[in-house]
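One structure follows; several queries about it will come next.
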Amino acid sequence: MEHTVSYLGLIPLFPLLGALILGVMHISTCTGKPFSEKLYGVLGCIGPVISFIYALIVYFQLKGMPADSRFLIHDAFTWFSVGDLHITMGFLADPLSSLMLVFVTFIGSLIHIYSVGYMSGDENFGKFFSYMNLFLGSMLILVLGSGPVVMFVGWEGVGLCSYLLISFYCKDTDNVLAGNKAFIVNRIGDLGFVLGMAFLFWAIGASGFDYLSLRENSHLLTPGIGLVVCLLLFVGACGKSAQIPLYVWLPDAMAGPTPVSALIHAATMVTAGVYMVARFSFIYAHVPVAGAVVAWIGILTALLAAIFGMFQHDIKKILAYSTVSQLGYMFAGVGVAAYSAGIFHVFTHAFFKALLFLGAGSVIYALHHQQNIWKMGGLKEKMPKTYWSMLIGALALAGFPPFSGFFSKDEILFSALASGHTGIWFIGVAVAGITAYYTFRLIFVVFHGQPRDKKAFDHAEDAPAVMTIPLMVLAFGALCAGFLNLPGIFGGNLNVSHWLAPSLVEHHPHTSLTVELLAMALTIAIIVTGIVIAYKKFASGAEEPEYTGFAKFAYNKFYVDELYNTVFVQPYKAIGSVIWKSLEPNVTDIHVKVSSWLYRKAGTGFKIFQVGYVRVYAVYMVIGLSIISLLLSQSLN
Amino acid sequence: MLLSAFEKVKLENAPFVSMGFFAAAFVMQLTAGNHESALYGSVFNGMFVSNSFTQAAGLVIIGCGFFTAMTCLTYFKQNNPCTMEFYSVLFFATGGMLMLTLSRELITSFISLEIMSLAIYILVGYDRKRVTSTEALLKYLLLGAFAGSFFVMGSALVYGGAGSTKFAEISSFISTHSAGTPLLIGGAFFIFVAFLFKVAAFPFHAWVIDVYDGAATPVTGFMATALKAATFTVFANFLALNGAMQKEWIDFLFYIALFTMFGGNLIAIGQSNIKRMLAASGIVHSGYLLIALVAISTESFSGSVIAYYLAAYSVGTLGIFAALSYLGGKGESRMSFDDFKGLAKVRPYSAAAIAVFLLSMAGIPPTAGFMGKFYIITSAISANQMALAVFGVISSILSMWYYLRLIIIMYFQEPEDTFEIENSIFAPACTFILVFCVFALGLYPIVI
Amino acid sequence: MFAEWLFAAFSILAVLGGIGLVTFRHPMNSAMSLVVTMISLAGLYALLSAKLIFAIQLIVYAGAIMSLIIFIIMFLNVRTEDLPEEKGRFLYLFGGVVVLAPVFFFLKKIIQSIPATKATILGDGFGGIKEVGLVLFKDWLLPFEIVSILLLVALVGAVVLAGKRRMSK
Amino acid sequence: MIQNYLILSVILFCIGILGVVSRRNVLIVFMSIELMLNAANLAFIAFSRFHESMDGHVLALMVMAVAAAEAALALAVVILLHKHKGKLDTDVFSLLKG
Amino acid sequence: MFQYVLSVMIFMPLLAGLFVLAAPISKGIARLAGFIVTGIILLLGIELFLGFSGSAGMEYVESRVWIESLGVNYSLGVDGISLLVLFTCALLFPLIFVVFSTRTKGFYANLLICQGAMIGAICATDLVLFYIFWEIMLLPIFFMIGLYGGPGRLAATLKITLYTIAGSLLMLAALVYVGVAYHTQFGEWSFNIVQLAKLNLSGGYAVLAFVMFMLAFAIKIPLFPFHTWLPDAYTEAPTSTTFVLSAIMAKIGVYAVIRFVIPVFEIEFARFAILLSLAGVVGMMYCGLAAIAQKDIKRMLAFSSASHMGVIALGVFCMNVQALTGSLFQIVAHATSTGVLFLFVGLMEEKMQTRNITDLGGIAYRAPIFATFFAIAMLASVGLPGTSGFIGEFLIILGAVKFNAFIGILSGTTLIIGVCYMLWMFQRVFFEKPKELTEKFTDLNMTEVLTFLPVILLIIFMGIFPQPFLKKIEPAAQKHIAEFSTVAPTVIVDTTVPSEGLNHQKN
């Protein structure tokens, strides 16, 4: 078995072990004297780094294999097996997962290193790294899982870590609420995932419920059931990747420490949905309707989040909405069957979004946890390293050529256009403009103009090296990652797409070069327009605006949270208390109540017959006698 | 055999001796042959027949007598003392019951019934100073005599219809004619009325509560068990004399059983006095026994189910009455539910014993009561009387509450009383022997 | 014919006596009515050729038992004002009649089911002391014996309940 | 012919029941019960005549004996009652109820 | 020697319980004795578990004639279906003797008797014997709630006792009916379940008997809408009792359905399966929703327990091997997770004299070990992969989807509903700012850690390596389903998933 390599399982194991060790260390010293931060830091980073090394080994090993049979598997043990259902705790590295593997471990390691600086001085330093390691382990299980069920382990695991890390500062109710929200909304998605798996299993899973077998049998899937499976799985993806209607948790998730936002809520976990859709490309490819649904939901989410992003004050919220928006792009990509484009955007996005978040983190760190952009300003001089790296990130996010975002986003837009989804393309282009606008609004307000808060400004300075080095590495990535998948018109040969091809089922539509160039030019024009507008409005120091009308509406996120609260959360609680207060005692328990009432009444009621008079007792006897006589005389003859 | 024990009683005074006689009679009954035999066939003209069923019933009755005598020892230390006539009358009653179980002739049955009844009337009214005792006597006597006259009328009609009052001849008459002859129907009906009265079946049950309440506690125990055992035995013998006879009356008994169970339950729910509650629960148990009567298979009638149930029921009931006898205190001052608050904290063993008896009566395994109920239900369903079985079960659900109520009061409430009692070993000893019996019968259900 | 007239007369007397028993307020009057019934019943027994029973009915029942009852009534010296107020007794009686009607008709139906046979002439010995005695001691020895026990019980009972009690111990 | 006797017996029996049911005087109730027993005896004798066997006579005899025994006990009770309350009203004795 | 292990496991605690009750010993010794006895039972249980060969049939069989005339035998045996329940029962009891402050010896006696009876009910393969143990196991519960419960204990104990006795008495009638039916069909008496499985029952009485059986078990499980005794009883009972009730007794209800109802009433079962599974699902949602409205943690957990029992029961009603195995697995998983949660709540109550959620907060800072353990148990209870809760729930949902897509989808909502109230509670109790009462809270001491650690580890172990457990139960479940499907094939509409999917689409 040349495809079997036993170290595949070790990749997630290292961070998990790290998590365990750190957790035990933390708990055992929680009330006493803690271990030094250095020890925690080293232990915390060692796992991700080893995983990264292994990821590279995997990558190179795959690279050395022939293109059509590039995969490595490792079945660690039979997880559970009941009837036809055989689930092995197996790991699969194919081009798709190896790509994810590499960048997840890479960015994960960087962010761990960054966190050592960011989190220093926190009393729960150990806990943080334990959770982070746990997250990374789960994420790697998600990525490497050889079948949907194993993937689901990671899927839920990352959800759990997300919850734990969002409510990391758990003395504050809001943070915990945000964590709850994230977990519950994710769970709604998980429901879809589980049901999707169930349907999929009963349809084609009997002869093996891992990707390889499923892929072989995917032709057996009827369109109807295929659609059901696709949509249910997409519900799962929506939950995890914050798409309409389940996106609401992600902005709130910014309550967690910034490295968490960077790693989990920007670079890795939230893209799991996209990864999952790509994983199941062999099913989605059969059901174009499902793809269209995915694409439309994606692009609408992109639009909506971009609109929200335009009006936010909180630096992390802006980035969060931009994440949602970018995720929308990715779904639009995978929805129009351009899986490699979607995944490529995941890849590039991971770099620039992590970069932006870490940059924002540095800013916040420098300003002592100030997150409102209208309290910042002019930080360019004080924090040049941060500024420049964030600028690169912003350009990449805006999709300005030749930064990485440009190539991936353009690839998606182009695929949409090419596959005939003109509407999606159109909205996509508009969103690109809006993205450019709000990204540079952030940059200009924070780094240009006059400082708005003098006192904080004076103390601001660039972060220590342990934080800035990861920034620079990421900035380099954001700058260059796009070149890995240079499209044909720029003389590239879509390296990443070709690499991914064996894992995916996609067709590359062909359109004329002119159309492609025109579309690209239009996009760039729109992006530039967005940047220019932002420059005009904010570069020279605008004050915090008073929002009215649509802006206020958008600032308040169209009141979707409130809507959900009224439509789902409150009724849910109301139903709960109705059941407890009214239904349970008065309806469900009624059979008990009524029978006990009857019972008591009957008991007291029958007492009156025992009057104590002898002749009345005789009367009972005689009445009984005569009734029976009556019946008996009827039966005579 | 019985008479020998019974003649001597006039010479004996002490209750110990009477206990000895009961024990001796018990052993004799136990060792007596197990085969169907007519006692003194030629002399008594086949009016007495002994078989395993009557033997078992006899054992139950004698056992009841034994334990009652034992209980009385303690009881009378706390209450108005008795004379030795009490024990002799107890023997008369027992003798009457034994004859009743053996008798295979209507008038013999009637006379035995009257011996038993008269003796029990005397026992009920024994404490002449108490008005309630006299009242109970009055009620029982009036209604008992009333019911007795029905028996006579019924016998007359049966005699008119079948030309004889012997079971064997009635049976052969039915075989050649039919059980549906009007005279037989009428006669049997009136005889049933008397039996149903004695076992307190609905609607002839009303007396039982007041009478049990008024009588002295050990007597109540004796009435509730031995009397029922004797009556049911003869009832079953009469009913089983011919298959056609029993079939004729199945529907009738069905409804009687039904109403008896539910009527008894409804009365029991509202009671606040333990003796009255037990009386009412006795009605319910009669209902169960009636189920068994409905379900007896006349082809191979052995009465085992009835006998077992009687034994199980007797053990439980006697036990609880024995416990009440010594816990009741002077002049039966503690008889209502509330008087037993927190008994478990003061007298844990007594409370445990009472709880066991109550659970047995409620039919909770592994007590004898459960096995009895199990047999009854089995026999009912075997006889294709599913409905009756289900109703029986529902009725025992209804009865749970008032049994549990006493347990709850004993265990879960705080004591207000010190439960001081006369120091006498007999009734407590009797109680604990009976506890042992409850489990022994439950775990080794001997079925004849 | 004579026998039928006698029957009619005795039955009417018996029924009247019975009605008297249940309607008179004072027990003494009732007791006397009962005596009337008993005597007429004795006559009826005679008509049914039950000579021994006829005699016993007269001697034991109408004679002994009833005089005992009357003796008790006298002994207790029941005065009218001690008697229960039974103003509504006629109403009760009427109610009782209604309730009892089914029983009565049931019994009547049963009686009517008996085939109507002419009375046969019986031998002289029927119902005589000797004949009945033979039957009694040959076939019915057991009941006879146990009746003695019954009477003993009754004796003891009467003593226990009504007699002066000597306390034991 | 036999029916007539029996009908009479039934009538007396029912009158007896009536007495038991509707009267409150203990003595009258007892006497009603005696009446019922007598009615039954009449039936015995009548059936005896009908079957032409003397068993019925014996049975009637037994019933009489029983009736006598009952009467003895009943009268003892009457005396007892009178001692307690001085009254013969059954309704007075209704302490036990409910 | 080992062939009598089941009898030993039944009677050792029973006799020990009676001994403790009767003997004049101090409560401390009673506790110690209880711990030793249950410890031995645990060792025997583990030995038995390891020695179980995993065949589909009965092992460790014992059989003795008891009531010859009715074919009632004292027969015991363990197969894949009962193995895990038995294991749970043996595993969890020692915990109660370790944690909490010492109560009276009567309490420990009751616990011991309860364990004996429960093991008896689990091992009995004779219906009558089963019934006897089934009833006996209620008595200690009755006394424990009544004697040692909270302020509303009287009403609670009456309600649970009357309710469950009502059910089981009806079952008695049905049980006898089955025996009699066997007698009529085969001419001999038997109440052995293996024999009874051969029965062909049909007609109105069979349905009636089936309903009565199901009623008894539905009350015990408890299945909606017969769960109303549960919140009261669970809340008022002393925590150890609640633990026993939720962790073991409710499971025996499910187990009994699998063991006794399915083999005997195949046709009726298939006919009512939809209705029953609907009851399971509705109960799950109903109780889950009710849980969110609770202020008392214990009552919340009670509803949560009822909700989970709905899912477990659903697994049984789905009639396929995945769901059935899932249910059996979930029995253990739920017993360990929710059971331990109840114990934790008991500890909290003991230390802070309150169970009111609003009075608590910030325990996570005061007691990190406790919080971690609690969190793990909680996550297992909401079915997080990697914990034991996931495997069972996943299998059940999988089976439910096959059984009926609609019910499958509804059953999936357990994932959401469970997490809502649990997180809400966790937030209020463990996070947020510490309150006055929680300041007093001390973390688990060494004994407690060592007590709970094995269970917590088991939760995780069973989540990661469930196969050793599944391997032992699957053949029996497989056989069960196979027998079931051969008898009732006409009734089970072959609901293949594609058609279901299409239906779903139209909806």
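Going in written order, the chains are labelled A, B, C, D and E, and every chain counts its residues from 1.
Definition applied: contacts are C-beta pairs under 8 Å (C-beta built on N, C-alpha and C of every residue); 3 or more make two chains touch, one makes a residue touch a chain.
Remember, predicted model here, so these are calculated numbers, not experimental data.
Peer 1: Which neighbours do subunit A and subunit E have in common?
Peer 2: Chains touching both subunit A and subunit E: B.
Peer 1: For subunit B and subunit D, what is the smallest step count along a path of chains that touch one another?
Peer 2: Shortest path length, in steps: 1.
Peer 1: Among all chains, whose Cα centre is located farthest from the one for subunit B?
Peer 2: A
Peer 1: Where the centre means the average of the CA atoms, what chain is farthest from subunit E?
Peer 2: So the farthest one, by centre of C-alpha atoms, is C.
Peer 1: Using the touch rule from the top, point out the two chains with the most contacting C-beta pairs.
Peer 2: C-D
Peer 1: Would you identify the chain whose C-alpha centroid lies closest to the centroid of all protein C-alpha atoms displayed?
Peer 2: So the chain sitting closest to the middle is E.
Peer 1: Report the inter-centroid distance (CA atoms only) between subunit C and subunit E in whole Å.
Peer 2: Each chain's C-alpha centroid was found; their separation is 71 Å.
Peer 1: Give, as an integer number of Å, the spacing between the C-alpha centres of subunit C and subunit A.
Peer 2: Once rounded, the distance between the two centres reads 102 Å.
Peer 1: Please compute the C-alpha centroid of subunit D, do the same for subunit E, then give the distance between them in whole Å.
Peer 2: 65
Peer 1: Just the number, please: Cα centre separation of subunit C and subunit D in whole Å.
Peer 2: 6
Peer 1: Return the residues of subunit A touching two or more other chains; collapse runs of consecutive numbers into ranges.
Peer 2: Answer for subunit A, listing residues that touch two or more other chains: 607, 610, 612, 614, 618-619, 622-623, 625, 629, 632, 636.
Peer 1: So which stretches of subunit B touch two or more other chains?
Peer 2: Correct list: 107, 111, 114, 118, 121-122, 125, 128, 137-139, 142, 146, 157, 160, 182, 185-186, 209-210, 270-271, 401.
Peer 1: By residue number and range, which residues of subunit D touch two or more other chains?
Peer 2: Residues 6, 13, 16-17, 20-24, 29-30, 41, 46, 48, 50, 55, 62, 66, 69-70, 73, 77, 80, 90-91, 93-98.
Peer 1: Spell out all pairs of chains that touch, sorted by label.
Peer 2: A-B, A-C, A-D, A-E, B-C, B-D, B-E, C-D
Peer 1: Quick check: in the complex, which residue numbers of subunit A touch subunit D?
Peer 2: Interface residues on the subunit A side: 607, 610-615, 618-619, 622.
Peer 1: Can you name the residues of subunit B that touch subunit A in the complex?
Peer 2: Those in contact with subunit A are residues 138-139, 142-143, 146-147, 182, 185-186, 189, 193, 197, 202-204, 206-207, 209-210, 252, 263, 266-271, 398, 401.
Peer 1: Quick one: which bits of subunit B touch subunit C in the complex? Just the residue numbers, please.
Peer 2: 43-45, 47-48, 81-85, 88-89, 92, 95-96, 99, 105, 107-108, 111-112, 114-115, 118-119, 121-122, 125-126, 128, 137, 157, 160, 181-183, 185-186
Peer 1: Could you please specify the touching residues of subunit C with respect to subunit B in the complex?
Peer 2: Its residues touching subunit B are 106-107, 109-110, 113-114, 139-143, 146-147, 149-150, 152-154, 156-157, 159-161, 165-169.
Peer 1: Using the touch definition up top, name the residues of subunit E that touch subunit B in the complex.
Peer 2: 67, 69-70, 128, 131-133, 135-136, 139, 142-143, 146-147, 153-154, 157-158, 161-162, 165-166, 169-170, 172-173, 176-177, 179-180, 183, 205, 208, 212
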